[in-house]
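Lettered A, B, C, D and E in written order, each chain numbered from 1.
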Amino acid sequence: MSIRLHNLDFNYKDQKVITNLSLEIADGGILCVMGESGCGKTTLLGILTGRLKPENGEIQGISGKRIGMVFQENRLLEEFSAESNILLGCDRGFYPLDGEDSRHWKKAEKRKHIDEHLKLVGLEEASKEKVKNLSGGMKRRVAIVRAMMSDCDILVMDEPFQGLDARNRRKAIEYIRRYKGDRTLLLVTHEKEDAERLGGVLFQMS
Amino acid sequence: MSIRLHNLDFNYKDQKVITNLSLEIADGGILCVMGESGCGKTTLLGILTGRLKPENGEIQGISGKRIGMVFQENRLLEEFSAESNILLGCDRGFYPLDGEDSRHWKKAEKRKHIDEHLKLVGLEEASKEKVKNLSGGMKRRVAIVRAMMSDCDILVMDEPFQGLDARNRRKAIEYIRRYKGDRTLLLVTHEKEDAERLGGVLFQMS
Amino acid sequence: GCGTSAKEKNSADTQSAADQAVTEENTESTDDTQIRLGGLKGPTSMGMAKLIQDASNGESDLNIDFTLAASADELTPAFVQGNLDIMAVPSNLASVLYNKTEGKAQVLAVNTLGVLYIVDTGDSVKSLSDLKGKTIYATGQGATPEYSLKYLLKENGLDPENDVTIEWKSEPTEIVSEMAASSDEVVAMLPQPFVTVAQSQVEGLNVAVNLNDEWNALDNGSSLVTGVVVVRSDFAKEHPQLVSEFMDAYQASTEFANNHVEEVSTMIEALDIVKAPIAQKAIPQCNITYMEGSSMKDALGGYLEVLYEQNPASIGGALPADDFYYER
Amino acid sequence: MKDNRIGNHKTIWIERTAAIAAVLVVWEIAARMLDQKILLASPWDVLLAFGELLHTPEFYQAVAGSFLHIAQGFLLGLLVGSICAVISAKVHLIEILLWPYMAAVKAAPVASFIILCLVWLSPSGLSVFISFLIVVPVVYTNLLNGIRDLDPQMKEFAECFGIRPWKRLIGIDLPQLRPYIVSSFEIAIGMAWKAGIAAEVIGTPDRSIGKMLYHAKIYLATPELFAWTLLVIFISVLFEKAVTGLLKLGYQRLEYRI
Amino acid sequence: MKDNRIGNHKTIWIERTAAIAAVLVVWEIAARMLDQKILLASPWDVLLAFGELLHTPEFYQAVAGSFLHIAQGFLLGLLVGSICAVISAKVHLIEILLWPYMAAVKAAPVASFIILCLVWLSPSGLSVFISFLIVVPVVYTNLLNGIRDLDPQMKEFAECFGIRPWKRLIGIDLPQLRPYIVSSFEIAIGMAWKAGIAAEVIGTPDRSIGKMLYHAKIYLATPELFAWTLLVIFISVLFEKAVTGLLKLGYQRLEYRI
């Protein structure tokens, strides 16, 4: 079932952030949200993930869906390794990225798979390192892998490529394209190029 | 006096991050550091601000210099307003941005000047809002203004434009160009365009 | 109540002692050195109420600064440091102080005999031998009440370990509530003034046995000595005349207390020792007395021996020598 | 987020009153079941006893006296505890040197050093000192752990921007220390009362709740004993609310002190 | 950052021994200045007394007995305090209902309810209960404030990713609560000993340090009194180090439990 928003309004106290927004995302589709800083992109994602309740309007197709998210501020456990962070994020289960069934995996197996995926975004040596010792861009990639590997129906990413250089950005986009599977992807970005590379529908907020 | 680094080495425990780096920045000049994620840009800034001590090598021209910094992770006081954040950052004094002498300013005057500068980066309404209620890109701009307004000799900015859309990015660059004064500016970015707009010297790390 | 520093006081004391030598022949004493007197809330202080009252009214020549304490913790350090000259304390504490200060404490007089009573909510106990097979609730385990009770039981042909069951409690209140609650007969050993307090709370509470009488019935010259008056030996040496006057006044005061119960009860309340109604009922049973000299030595010495046999630590590890007993 | 714990002021006091009512019910039932007035007085008896106390001038003197001493002990303990914590966090040597004293103050039973205390202190001084002693380790330990948990990134920011110590305290450290400070206060005030009154029961200074409580206890005046005890709890709660209220106010004003 | 407080293990123990030596010097000087053996025994006398105690079988029985009871009270208090804190943080109603009890437990002087306790508890049960009572509010208050200070952003992450409660506790909550837990332990253990021994002094159960301490006190056996007191402090420090050591170990293993 596709996700539909109809005539959405959202205020923070007296400040109107979203007014009369309508939107539809096809099942398994990719929607790239663009818009000026402060226009309400993160707020929109908050509504879609159920964290924020809109003033008015209808939302269809998200209740009961499991969400994997890249937050604007990483939200990683700084004292734990990258691997452990992803393991925790996948407590619900692993998305069958290469079609494998992860339910019978032992912890060691899980860690092995996580390591392989960290490699794919260029973090071959970082998997055992505490996250607080990683660079900004490295943390961002850990957050992306965490969302991608977690067993979910909708992927929500708030500026996932921020702080990444061109090469790693391309690598990450490639990674997402490759492993998105048939999940719906909602993504906030400031670069039209990213949207084009991912082949998503562009949605300009104002 | 210009800043000079000579044959710098830096390791985190057993991991070599910077090897044999030499660099010179003219007084009042702009240096744009680029490089892949995890190549040691933030580390280099840490050395330049004196937080990290290099293994080997010489550093000249930074001792005794006051630094204004945009950290990769904002480091704002989330419970306080944008205005108060900047006021605290300028505890040492205000840089004479328009040539005014700020020493006799009362607190109200200081706040007024801060408000004006927040306006310049498009934060006209955010000055009294708690920082935790601002959007990611808004916080980033507060951090930029804080560094710019603080009375310092060297400006150090670690990816100051991350999370900003094209228009706000341009605005921020314009703001920095306009108010840099004769301070030296060290800036990390992933976009060649930024460096060009700022008219800085490009330094590619590897 | 003990403000002046010991040093200052001492120089003044020697001065007045010299004065005293000159006017020795006078019947009127000129030694008006202040006596810093200490006492504990409870029976051991009751006998000196009149003395203190007179001193504060100016009806006596004695100059007394009285400190009343809730526990010996407050008096001991002051006494040891020379900030109290005379105090009324439990008899074993006097001996402990003598031993621990290497003879710096002397006992002037016995001021209170036994205040322990066997009380009973029924009427089956008339004498100590009736206690056989009974459960006795009591307080004061590891202290003089325990040693006294066990001694008396033994002397009356009972084995304290097998013939009776002693339920040791921490607080008299526990025993009183036990007596109030239980429908069965409860036998207990309580000290005064708790006996009186308990009688006001528990209907039909009999005082079955007076342990003081039982002790005297053994007729071995000793007594069940609860309280004594001790003096710092330095003070006694410097002011023999004053101490003697004090002893006279003290004796008079105890006699007054025993003969004018009502009057002294109000004084006792005024001094905050216990409330007047309680004092009035308790005084006749507190065995307030005055013994000095050789009778004191017999009574107290014998008692301390009993304690020593059961637990040497309770009297400071050793029986005090003769100089412990002050003689004027 | 941090403010929602205080909740709506009016509602919270209504709820609290309801909670107290619930306690009274439990208490009444317990008193009836036990049915021993000497051990457990009923709420009604206690109320009557309390009403009588209110008519005596000693009541007000006792309350004022105890409050003065215990508040003094608390404030002293707060001062010493926080100064020691701040210095210990900065100077390792001081922390180590203080360590045996803190261990002793925390664990040594009052009975052990009461005689030594009474050498130097008057009975009322004793209650100041004993409440002081209970407050110091609570404040010291909580604050020291709080200071150690301060965000090093913000510390770096403060150093880089050359923020002066006073402003740094106000803007960066105090906001982060808030839950530790609140915690210290909430624990220390109650315990200061508990310990201070216990000291008064030992030393029975004139004009003190402890003395009244002691007398109520030895005369088996259980309703009075309970009335005094409830009073202690009540004053301690009031004192705690006043102090944490002030703290909250102070925190609200913090931003304007930058 | 959080680990550097533990420092190098060997060095810290050397430093601590040195600090104790410094205390002994201060103590010896104080003892000489006061020069009253009954009031303040010298370290040497105390050592001798301690040596003698070591030769009696009662010594070991007392230590074992007191340890057992106080450790029991501490663990119970820890359990009840943390469960109450967790529930109170989740259910506002429970917090409000618990509030009067916590206020009472914190502030009520032991003298007020000791008789009530003695009716139901054996003298050794009393020491369990009194140390329990002192631990509960410390753990409860610290933990509750810690839980309230948990980062709401991480809470949101956990909800969004559907992390199960146990994993969430291990991975997200416990690491953030660490300084609060450490603080609770450091305060509560010392105080449990203080309060537990005080209760033993009142109830004087057989085979307890409190009983020995009480007798040493009333018979003015000051060196013994000090020896027992130091022993209490010493055991409490050992116990604290053991518990916080276990805690540290637990935290090191936390990551492998994810």
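Here, a contact is a pair of C-beta atoms (placed from the backbone, for glycine too) under 8 Å apart; a residue touches a chain by one contact, two chains touch by 3 or more.
Source: prediction; values computed, not measured.
Novice: Could you tell me which chains make contact with chain A and chain C both?
Specialist: E
Novice: Among the chains, which is located farthest from chain B on the basis of C-alpha centroids?
Specialist: Between chain B and every other chain, the largest centroid distance is to C.
Novice: I need the chain pair with the most C-beta contacts, please.
Specialist: Chain pair with the maximum contact count: D-E.
Novice: Could you grab the centroid distance between chain B and chain D? Build each centroid from C-alpha atoms only and quote it in angstrom.
Specialist: 46
Novice: Averaged over CA atoms, how far is the centre of chain A from the centre of chain B? Could you give it in whole Å?
Specialist: Inter-chain centre distance comes to 29 Å.
Novice: Quick check: how many Å separate the C-alpha centres of chain C and chain D?
Specialist: A distance of 39 Å separates the two centres.
Novice: Mark out which residues of chain C touch at least two other chains, giving numbers and ranges.
Specialist: As it turns out, chain C has residues touching two or more other chains at 76-77, 81, 173, 177.
Novice: Could you check chain A for residues that touch two or more other chains and list them?
Specialist: As it turns out, chain A has residues touching two or more other chains at 73.
Novice: Any chance you could list the residues of chain E touching two or more other chains?
Specialist: 2, 39, 115, 119, 214, in rising order.
Novice: Provide the full list of chain pairs in touch.
Specialist: A-B, A-E, B-D, C-D, C-E, D-E
Novice: Considering the complex alone, what residue numbers of chain D touch chain E?
Specialist: Going through chain D, the ones touching chain E are 1-2, 5, 12, 15-16, 18-20, 22-23, 39-40, 96-97, 99-101, 103-104, 106-113, 115-116, 119, 137-138, 141-142, 145-146, 148-149, 152, 178-180, 182-183, 186-187, 189-191, 193-194, 197-198, 201, 210, 213-214, 217, 225-226, 228-229, 232-233, 236-237, 240.
Novice: Chain A touches which residues of chain E in the complex?
Specialist: Its residues touching chain A are 2, 153-154, 156-157, 160-164, 167, 171-172, 175, 255, 258.
Novice: Inside the complex, what are the residues of chain C that reach chain E?
Specialist: 72, 76-77, 80-81, 93, 96-97, 100-101, 141-143, 169-171, 173-174, 177, 313-314, 316
Novice: Okay, in this complex, where on chain B does chain D touch?
Specialist: That would be residues 49, 51, 66-69, 71, 73, 75, 77, 79-81, 84, 87-89, 91-92, 150 of chain B.
Novice: Can you list the chain C residues touching chain D in their complex?
Specialist: Touch list, chain C to chain D: 41, 69-71, 73-74, 76-78, 81, 173, 176-177, 180-181, 194, 197-198, 200-201, 275, 278.
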